[in-house]
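Two complexes are shown next, each including chain A; its partner changes from chain B in the first to chain C in the second.
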Partner chain A sequence: MLETGKISALQMGMIIYPVLVSTAMLGGPNVMAQAARNDLWLTPFWSSLIGFLSVFIAIQLHKRFPGMTIIEQGKAIAGTVPSAIMGLLYLLVLLQVSGVIVREYADFIAIFLKETPLSVISSALIVVCAFAVKGGVEVLGRTAQVFFPMFIVPLLLMIGLVFPALDPGNLFPVLDRGLLPSIKGAITPLGWYSEVFLISYLLPVLANRPQGTKAAVWTVAGAMITMTIVNLVTLFLMGDALPNILFPIMDTARYVSIADFFENMESAVMAIWVIGAFIKVSMFYYATVLGTAQCLNLTCYQPLIWPIGFLIVLFSFWGIPSFAELGAITLIAIPAILAWSFCFWPGCLLLYAIVRGKRSKAKEVPSG
Partner chain B sequence: MGSLSENARKWWRSHKQKTQQQTAPSHTPLQKQLADNEQRLRDLYANCSDVVFRSFRIGGTIRALAIYIDGLTNQEELERSVLSVLMQTKLPKDSPLTKLLDNLVPVTKSREMSTVEQCLEAIANGNPVLLIDQQERAIAFGLARWEKRQIEEPVAEGVVRGPREGFTESLHVNTALLRRQIKTPALKMEQMQIGGYTQTQVVLAYIEGIVDEDLVAEVRARLGRIEIDGVLESGYIEELIEDHPASPFPQILTTERPDVTCGNLLEGRIAILVDGTPFVLIAPTTLFSLLQSSEDYYQRSLASTTIRWLRYLFTAISFLLPSLYVALITFHHEMVPTSLLISMAASREAVPFPALVEALLMEITFEALREAGVRLPKQVGAAVSIVGALVIGQAAVQAGLVSAPMVIVVAITGIASFMIPHYIAGIAIRLLRFPMMFLAGSLGLLGIMLGIIVTVIHLSTIRSLGVPYLTPVGPIKVAEWKDTLVRAPWWMMNTRPHLTGDYQKIRQGANQKPGPKKGGDPA
Partner chain C sequence: MKWGLVAGMSALVCILFAIEWPRLSRLPRRDKMTFIALVFIGWVLSMFDLPNLPGPTTMINEIFEPLGHYLE
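Presenting the complex of A and B:
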């Protein structure tokens, strides 16, 4: 096995949760509000359905092929040659998506560091993530646990502090245009929720596998609840202006004022958000590195870390000339790719495996 | 690199053989003739003016020789209990040595030896050795006594409430201090010698039944692996057995306090006592145990919990405050409240340096003062503190070299770094402060966050003898939060922390919460 470490189901949840919410929290309310208007509180529910579906597919695949990641499962299901082609495509997708995530991060940070080149910002993050990936899944799990409260507590604190300014009246009229707008708004978030399929890389290293399903489901539910709350808070605060505000959570932070002393906390939000981005990018990075090593039948993945890190930085520039272009890509193209590779394709593999009755040979040994 | 270390190994092997030939020929049996033995020992101790050879006759007939090192042996006792007794006795020629021991010499600790090697060891440890003509065995008397420091209050780990005894340089005083607190025979103390020349005595202490046997075996193996010429302080051992030598964080706890050692032994850790130093090594350790003081357990639990959180806060301040200041001044003005920003800008007006340079200057000066304060002769202490107050203080501000807020930041950071109860842990955090300042100076808050992330990654990577360094926060162990996030009262500390492998989980009886309904006067 490439990965020798073990993590707990709780650690898996704490890795995946920031993966789901960190990008979504920043631009999510704006994206969802564009289609759903004041019904955006319902959108996370629709989009989380694909998350539950992805969890189901990953768990079922893992039940048939325990101890394997999606790359290895592909090999076992489809045979060597087709799976090699699919594996390479899959890795390309992972690279591209990681690149886009890094670019989103860099463009966001560049708002604060106007004179720092984008390449420096993204390379700095990749270097940091490379250390985490080098440490393996155990280090990833532990850092996620340490940072989890640092990610959640400031968010709750901020919501508490803007509480007096909230106007629940912005919610009305509820569903005056039917359910359709709220479903339309769910298109982009589909991609974010399907990312939960990355548990496919973590399920084989779980120390307590029976709890894995519960942890994964709770993670998606938690992400859905978080997004609903964030949507509601931003809606209550900004009302009709929400579709025009690029990063609503930043403007929420601007509202915060404690004793007329702590004001303009946007930079603090940026600092907190870096943690989420770090865990998200590390997880994608780890999946890419581990997947590549498994695809190429390597015996250890560490030598791949720096080359792939370099590629991710490159992919964060290729084909993305500007911030506007990035916005267009992330609205439709990336969610489509994500939904395809994290939900549709594994689903097809699962169906094929069921139809052909394929199971891992090691299944005879009772697992976990 | 490979060939270099190979050469080093070869050199060490040949060197070891040579030194063994010189000092301690392995298993040379004692000869029958006293003259042969005497010649052999005199050759070995040639040019050693501190070794005393005293020839005499037992009962006026049998020739005998007492050998000891001046200053390591209780001479009066040797004269009274051994020399005078033996000189005045009458002895049949072929009487066995044991009879001599049993009947004549009133010394409690004595040992028979048959090789020159054993004699050398006994002499070096201060035990006088008696050689007798026509005997192939020698006797060592437990009459070692040398000048040693009294048991004093530990200097580096002070407490208001708690025992005031500290370890001393003498190994057997230290083991006695442990045994006086933990009286069970389950407290084991394995003795070994480390160091080709110093032959330092090292004791591995643990409580059987509580400790994980694999942990003891691992430590024993790591200690056994050490091949070094001398061990002068436990730091040598620490560096030779730790898991991550490149890390700035200490992976083994050092303490001068017997109560800290006993507390850790009772939690299933092992202690390594080294002769010649009052600092005892305790492993495995975690980051949080470095932030705990023994007094936390003696004060009321609410007070201890509060003080622990104060300590965590100031540990973070000592790590981050200068870099936060630099980041705010350089990049994020808007986060500083306007009135404060104006006064800060006013005080920075005359300062010629950018904030980063200013912070570095002051922090380095502070570190220099601290180091000088530790090292300087006591007579010049006053001078340094006066000059120090000038350098980091009003004079520097008035000269326009630094701003007043910077002085305050440095002062708070300095105080914060001394709030960490274990000095070595404080050094690690003070060291990491400098790269953090550079990160803050180049990338602002982002740099600080990246620095924190890298630090946490590093802390998640290292282990101390198999125990993750960030236990119980990463990995989360809720049962151990009672002794890290808070200091739960003793009646709640029912379970021991889990380190590695098997452990004795239950520490004490359940339901011991006191109250008016329990005990007291029968109503």
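Presenting the complex of A and C:
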């Protein structure tokens, strides 16, 4: 086995939660409000369904093939040659998605650091993430655990501070155009929720495997609740203007002004986003590196970390000339490829394994 | 072609080799080849004007764009 570290189910949840929420928190309310208008509070519920489905698929695959990641499971189910082709395609998707996340991060940070070239911002993130990935899954788990409160507390604090300005009247009329707009608004978030399938890389290294399912389900539920709260707060504060505000959470933070002391809270949002992006990119980076090593039957994954980091930085620029172009592809194309590779394709593998009655021959001893 | 970029990227590749080779030299041939191939792909890609070059995102966009129109 390439990864020898162990993490707890709680740490797995703390890694996956920022993966689901960090992108969603920043632009999410705006994206969902464009289709769903004032019914955007219902949207996270619809999109989280794919999250629960992805968890179910990952857990079922792991029950049939314990101790294996999706790449190894693909090998066991589909045979060497088809799985090698699919594995390489899969890794290309992971590489490209990591690139897009890094680019989103760099473009957002560039709002604050106007003179800094994007390549410097993205390389800096990749270097930090590379050190985390180099430490293995245990370091990922620990960093996620340390950063988790720093991710949650500023958000709650901010919501508390804008609380007096909220106007629940913006919620009405509830569902006046039926359920369809709120479902349409769920298309982009589908991609974010299907990312929970990355637990496939973490389930084999869990020290307490029986708790894995519970942790994963709670993570998706927690992400859904967070997103609903964020949507409601931004809707209550901004009302009809929400579909026109690119980063609603940023403007919510800017709005905070209490006793001339609590002001310019957008730096707190930036801090949340930096932490979230760090964990999210580290997880995708780790999955890409580990997946490549498993796909090519290498003896260890550490030597691949720097070359793949180099490629992620390059992929964050490839074919994306501007911020507008990035916005366009993250609306439909990236969520579609995420849902395809994290839900549809593993689902097909699972069905094939069930139909052919395939499961792991060796009964693995539960570790811990 | 910008020679500064070529020199910079080549220097980066040299640094990557300097960092990883001591450990890599003890590993099997397959590991070495993968490392060299990945670094080489990165080095070649970095020579292009990537933002304006059609890439994987362009392809994904081409495939899924009709879906976006359909959903609207």
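Criterion: the second predicted complex is superposed on the first by the 363 of 368 C-alpha atoms of A that agree within 3 Å, B and C clash if a C-alpha of one lies under 4 Å from a C-alpha of the other, contacts with A are read in each partner's own complex, and residues count from 1 in each chain.
The criterion applied here is as follows: contacts are C-beta pairs under 8 Å (C-beta built on N, C-alpha and C of every residue); 3 or more make two chains touch, one makes a residue touch a chain.
Not measured: the values here are computed from a predicted model.
By the touch criterion stated above, A:Met86 is placed in contact with neither chain B nor chain C. When both complexes are overlaid on chain A, the residue A:Gln145 reaches chain B alone and has no touch with chain C.
Contacts of A:Leu53 after superposition on the shared chain: neither chain B nor chain C is touched.
In the superposed model, A:Ile275 lies in contact with chain B only, and not with chain C.
In the overlay built on the shared chain, the residue A:Gly319 is in contact with chain C alone; chain B does not reach it. Of the two partner chains placed by the overlay, only chain C lies in contact with A:Asn297; chain B stays clear of it. By the document's definition of touching, of the two partners only chain C reaches A:Val100; chain B does not. Shared-chain residue A:Asn264: touches chain B; no touch with chain C. Residues common to the contacts of chain A with chain B and with chain C across the two structures: none. By the touch rule above, chain C contacts chain A in their complex via residues 12, 16, 19-20, 23-24, 27-28, 30-31, 34-35, 38-39, 41-42, 45-46, 50-58, 60-61, 63-65, 67-68, 71. For chain B in complex with chain A, the touching residues are 331-332, 334-335, 337, 340, 443-450, 453-454, 456-461, 468, 470, 473-476. Listed in rising order, the residues of chain A touching chain B in the complex are 8, 10-11, 109, 112-113, 116, 121, 124-125, 128, 131-132, 135, 138-139, 141-147, 260-268, 270-271, 274-275, 278. Every residue of chain A that touches chain C in the complex is listed here, in rising order: 92, 96, 100, 184, 187, 292, 296-300, 302-304, 306-308, 310-311, 314-315, 317-322, 328-329, 331-334, 336-337.
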